[in-house]
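For reference, chains read A, B, C, D, E and F in written order, and residue numbers begin at 1 within each chain.
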């Protein structure tokens, strides 16, 4: 199997981290192809960055599918561009948030997502509700700018651990979901430390991608994700015309 | 008051229609400034078009605010880019779907949205649920490509009337919401014909914009819609760096 | 436009305050006609007062419509009598709670309503849920009897400010809704002080009334709000027979 | 036990019918005291009638409690005035809709309420949702004016049976709830005829009243149903001052 | 009336306590027949115990119905086996949780269930949501192993009172529901002490059983609770073949 | 990896079919160990069969885990015993319904579950809601006794196809979920025939099991699924004492 893992921001070190997480969990015979968006923001923090990351993401999806990828993972916890990517692609597309919540849902009745910035908290609450986890999930922001996760000296890990401890003490969390692709390398050590499942979205999404490929399933083209209709696209978006 | 009405697709005739609808309902002293997106699809039909219309839309929001607009209306019923625009702008931003549902909610307990294509039906159901109208709204698709609404000979009006009649007969609809900016010119005649409120989103959004300006209210910059953080944007999106 | 603002309690000073708030936001050419209920309680605090305020309210609605009002606002945050008034009137009728929540919803994802007494807290929680804002709104009671709001020396403002501060600190509120018509004069100063949108229901409802009139929309008479059927009314209610 | 059954409309024959239904199910030693409202509409059909029935209803609640009733039943399926009555009374107060839904809920997963007029359909849908039965209940209107239920020659029974048959065939109804106090005499025969539970609200509410009395339970006076605060009431409502 | 009260665990002292609570509230002419499960766990604490208590419970239901019981109460607050028992029995079957929530719902808008162990907390939250009380109920665990309730010296009452006080102070609880059959003897004294309704599930369920019998209602055999189909059962379950 | 697939009914041919479906999708190096319950019903049709299948199922879970299985799949679409199994086992446990809904959710916004008998329809609707898919799933019963699926001459396939066609025509289904383990062999051919994703629960659950093992994740033992407490079990259940 060939699975495309796209970092929808332009920071290569985050791509590398996601690719490594993906390769650790990938099955025998699965090839992970990592791609970094060439156009858009260096990190995705809130609705504005998220929206402007989508064209770069869609370009990578299209290129990756043409190059033979059998499934794609959007390596951002906001699931930015997920619906558009599903409409575009003939291959299945997975988001980190949906994959991680679903995975946590098999292991625990109540769990807490720990994300980076306050501006993403309600966004993820709404996304959790959209995916049907409204009554089961609490979201906490650790006040960590995304790119601080790339800097070991930033103190980010301490802030993250503080929120995990609050989740266990105050939320009744039975499991923890790491709410940013940039935390992918931390899941296993935190799971060992706290003795509850700690779910990383990149790992979860890669396994879902493999699962769909093995079942010969792909996105339905009936209804919501019907292929884009042919039409004129103008200006900087001209190249995206279906 | 100066209200910016942005057509997020590139079809000028739709802009003109929206601007006309806006001017009919605008208050004394309100200036409607119409803008057409310069980059992106010629019409918005489904998730893919919607996502790729956002950069062009945001460019117009930014330009319009700098030119003195006091509020902005995104003239597409999918409310595409609404959250990103609210994060970007210092002025309030209104979407057609949210404005129209809210308006219908003052007039009726149950109502039906009639939109264009089947691929937009579930999208609008989800949007209705997101706005809190899940149990009150039914969505119907009339099988009309958006640009057929620009062509009087297309038979689009007949298809639309058929769905309105089914909504009244089968859904128990107490009011009708027209689910596409391209239907803005039809609302009043249909209201006369069917004897129930018929709500157009452009009109509804313009009045909400005036209402917010008069109350000296604008988008909260605390939490979900905090201003974008400064960072590098690359490639075709470089110009969008906050 | 002529908009009727009815205070459904019998305290004239509250009517005056509501009328003043209404006039501040009203558009050019809008005439605000204020009316005070002649029958019922001096203030509305909980379900019992609310139910017994309705006949007096409906009498004013009927009289106001006959005198040429084009829309009516019920100036009580409990939206008492709103459904009955909509069934009675040919003109649109607006409530403060519905109008204020809808207005806040354009500006913020999460917000807190600060109301007067604990007995109204759950009532407003239920109303928020009824209007579709269940997951977005928190309600706080400031322990202020309604008529203390008419007395500057009562310390009411301090109690109100305390709850706003808790809302910002503990609820993650992105905006504040003032949950009593008697707070209408405080919104703008509090908005300046706290730097988040502060919504007053009277102002919000008046602008919604103008919006509906401008769009030539009124309550649907199909289904829920069909005109009352002719029948005998007895005793003190005889005069209300449709 | 002494249980007050109040007909909140002024039609004596409906009171008699409700009292008879109450006495059939009442336990050994339970005395049913029937009262007919003296002020308000002759039947309750929609929001307007419902609101104007409340003062007459509250007067009977107060008088009945003073005369020694240990619980009160409001014999109207709209549960009109229920919250106000609970705030007023020291004794428990039961509504027909809440009692009947709860009773049906012990017997079936899905059921259909058959009510009189279309204008009450959404009102009862909303009430069902308010009581937590949103996903379990369907409401059907049989197009029967309430007082036709008092006239055997009206054809009302045929219309009611038609809707029950549709409920069984199309809704997957496992039980039927009769959605008007005026249908109280029909439940048992319809249950025999259709072979599914048929619930009458008057019977259900009387048994809930007995259950609460036996458990020495009454309405909480903490929070939502705190006793009305002393204050001036004016005009025709002066006598209702707490 | 003959009502069967089944303790689905094998601890006789809990059966006795439930039977006593049942007899205190039972109506004139109601005979309470108490039964203790012969197979399964000594107490029910969490999903595993709950599932393995069901065969023993069903055996008692079947035997009790054959012996002439007219309704059955499952005296465990988890409502374990309730759906299976309703499918099996021709007589109505009541659970403690459903009965208690419904009873509390007639008395208060918001209330708190105090149960024994943390492992039952989410189970009861989910059950509350299933019964439609999701937005009205908070569940607290008092950290009391079930059988400690049988030992006055265990300090269990103190832990329970502590949670009731927190419920009143922090949850805005208007009433308290005791979330374990083993607390049945405490309800009335706690109600006296705290001045809010305190509901015991055994009492509530017995009164619901009487109510259904008096109304000649039993479980619908159409749909969800259709009688089990004849088939082979193997091994230790062979005797349960329908 | 060693994955245990347990048929919780006693019909060996259904075990064989599930095992075959499991092996088709299993990854390189995954060993599927199939087990058939030794105690309980020959098929699971409704709540009664489901409850009595649990002891036999739990016995297989315990034996399988002791024999080295790394995850377990309960091969029944009702997810019977799933919570109890998760509390018991140290390895992850997957149900068919939860796994299939989650899988469909990655591929489609709206989908239909086609199950066997009407008595299972509402059970699966409730389960779908419990898993957060309430607004996205419709359930249809094809009127097929479970064991008819083992008999090619029964006409079961025709009934199933009829419901799939209705789902596509009337429900707006974008994908189909097969709602019985006994349909596991049909998914791929139906997907080819209808051109939409057709999801089999056995396949879906096996891939989820692999995914969890690869991520080194197992059920949280904090809260809902804490290990059963040591206690006496009596009678036929004595052997199940933790």
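Just so we're on the same page, contacts are C-beta pairs under 8 Å (C-beta built on N, C-alpha and C of every residue); 3 or more make two chains touch, one makes a residue touch a chain.
Model, not experiment: these values are computed from the prediction.
With steps allowed only between chains in touch, the distance from chain B over to chain F comes to 1.
Superposing the C-alpha atoms of chain B onto those of chain E requires a rotation of 180 degrees, given to the nearest 5. Centre-to-centre separation between chain A and chain F, using Cα means, comes to 28 Å.
Work out the mean CA point of chain A and of chain E, and you get 43 Å between them. The set of chain C residues that touch two or more partner chains comprises 109-110, 118, 121-122, 126, 134, 172, 174, 223-225. Interface note: chains touch in the pairs A-B, A-C, A-E, A-F, B-C, B-D, B-F, C-D, C-E, D-E, D-F, E-F. Residues of chain E that touch chain F in their complex: 10, 37-43, 45-52, 54-56, 58, 81, 83-84, 86-88, 118-119, 121-123, 126, 130, 145, 223-226, 228-229, 231-237, 240-242. Against chain E, the residues of chain D that register as touching in their complex are 25-29, 92, 94, 98, 102-103, 105-110, 131-134, 136, 168, 172-175, 188, 191, 195-197, 199-200, 203-204, 207-208, 210-212, 214-220, 222-225. Touching chain A in their complex are the following residues of chain C: 109-110, 135, 172, 174. The residues of chain C lying in touch with chain E in their complex are 118, 121-122, 126, 129, 134.
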